[in-house]
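Below are the structure tokens for one structure; questions will follow.
For clarity, chains are labelled A, B, C and D in written order, and residue numbers in each chain start from 1.
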Amino acid sequence: MASVTKSMLDAYPKSINLDRAKLATVIDTLNACAQACTACADACLSEDDIAELAKCIRTDLDCADVCTTTARVLSRHTGYDANVTRSLLEACATTCRACGDECARHAERHEHCRICAEACRDCERACRDLLATIS
Amino acid sequence: MASVTKSMLDAYPKSINLDRAKLATVIDTLNACAQACTACADACLSEDDIAELAKCIRTDLDCADVCTTTARVLSRHTGYDANVTRSLLEACATTCRACGDECARHAERHEHCRICAEACRDCERACRDLLATIS
Amino acid sequence: MASVTKSMLDAYPKSINLDRAKLATVIDTLNACAQACTACADACLSEDDIAELAKCIRTDLDCADVCTTTARVLSRHTGYDANVTRSLLEACATTCRACGDECARHAERHEHCRICAEACRDCERACRDLLATIS
Amino acid sequence: MASVTKSMLDAYPKSINLDRAKLATVIDTLNACAQACTACADACLSEDDIAELAKCIRTDLDCADVCTTTARVLSRHTGYDANVTRSLLEACATTCRACGDECARHAERHEHCRICAEACRDCERACRDLLATIS
């Protein structure tokens, strides 16, 4: 996956306003987080304590949607608009923070929540790192 | 469409932190904007002056993705998190503004850009109206 | 929503291989079904009998994703490929059938499941009607 | 990415009707293909011969949407329905075939089309391999 993202960035025919290596890492981290959240929501649905996990499922679903959309926007460079990128990265970092916090509450009980919390932490950090290079 | 969104909000079994009628309007406006942007991107692909429309196609694609994700997040009320909703509405308003501006540049030449610009303006306004009721 | 979909189809600059009025109806029905499924999944998360609704939540999530993607593909006419359209409409009808069946099992207990089951039935029918005009 | 997908599958609390290692490979291949298609569509928008690439952009967009949705459905195991999985894998293989064929036509001229064509071929094969284990 990492290689496809970076190879495609290298094949982009015009200039890109952000560092290509850093960008590839962020996009891959976003896609990994989206994947973890989609899987965590479903794993929660099959747990005996599903009633305790309702909020976790909801934040997983939000986080999967926001990360997928952010990865798509970051994969487009034609007609780049820093305002759109910046506001979306901020929303994504906020969503990853919320989801990471909620998953962390169940991390001791459920391995999928532990892995997902870590994916959310990584993703929040990646979004904030990239944000720091934009403004 | 409007009726399904409002009917489903009315059928939600617990309290909702936002006004249900206003929320239904915003969700429907977001979905309409996403639909307009997806269709506008494709219509641009079939225009003779496609080279002039590259940035328009790109912002259309971003806007469709961000509006769809925002509509989904606003359709979830379990474990509501005001920070997530607020940051996503801000990102969505910013994206709609950018897309509306770009589509407006081609509105005289292309009817689909004119309609899409209007959908983006409506959607930006709806997001900002809802934002004003949150913080 | 309906008017934006139809207006955008009318503004498409080249020929479209399917009937525009029928196509607009199918796209609107798909978007309404996606909206109902996203909302139903979240409403189920807030029900006291959530443990009984785990499969319903899962089919709702699948159906929302498949309907959204199908609506997007049907909204594109440039470089039309009947094989892609046909196979996706078949997958969408199958998914709507599965989700409608599962929601119907909870329709007496939960109004959101009743409404969602109806949206899935409408959507399955719309997909099959359009399929019949393609092959 | 690969490790997150497989780790989450291993953390799923109940049985899964498909081979977990194979499933992880297919999901990762789908996500890689979606990423390649999103990036290829945008790279095409920045090429001088954009007019020749209109159909390629369109199939890229379809393929990104269908692969993302298929990866999500395959990442859910609760309340598994073989009919839904099978019909979606068939639609996905058909879409990857169409996109791979179109990208291949531009592979000599554009490196991003060459890489994307390869990602589509891999993905079509992965979908058909998994399909063969279902029915």
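Throughout what follows, a residue touches a chain if its C-beta (ideal position, glycine included) is under 8 Å from a C-beta of that chain, and two chains touch if they have at least 3 such contacts.
If you're wondering where the values come from, they're calculated on a predicted model, not measured in any experiment.
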| item | value |
| --- | --- |
| Those chains which touch chain D and also touch chain C | A, B |
| Comparison of A-D and B-D (more C-beta pairs in contact) | A-D |
| Whole-Å separation of chain centres (CA-atom averages), chain B against chain D | 27 |
| Whole-Å gap between the CA centroids of chain A and chain D | 19 |
| Chain B: positions in contact with at least two other chains | 42, 45-46, 54, 57-58, 61, 68, 72, 76, 78 |
| Complex contacts: residues of chain D adjacent to chain C | 54-59, 61-62, 65-66, 68-69, 72-73, 76, 78-79, 81, 83-84, 87-88, 90-91, 94-95, 98, 102 |
| Of chain B, residues touching chain C in the complex | 1-2, 4-5, 7-9, 11-14, 27-28, 31-32, 35-36, 38-40, 42-43, 45-47, 64, 68, 71-72, 75-78, 110-112, 115-116, 119 |
| Residues on chain D engaged by chain B in the complex (per definition of touch) | 41-42, 45-46, 50-51, 54, 57-58, 61 |
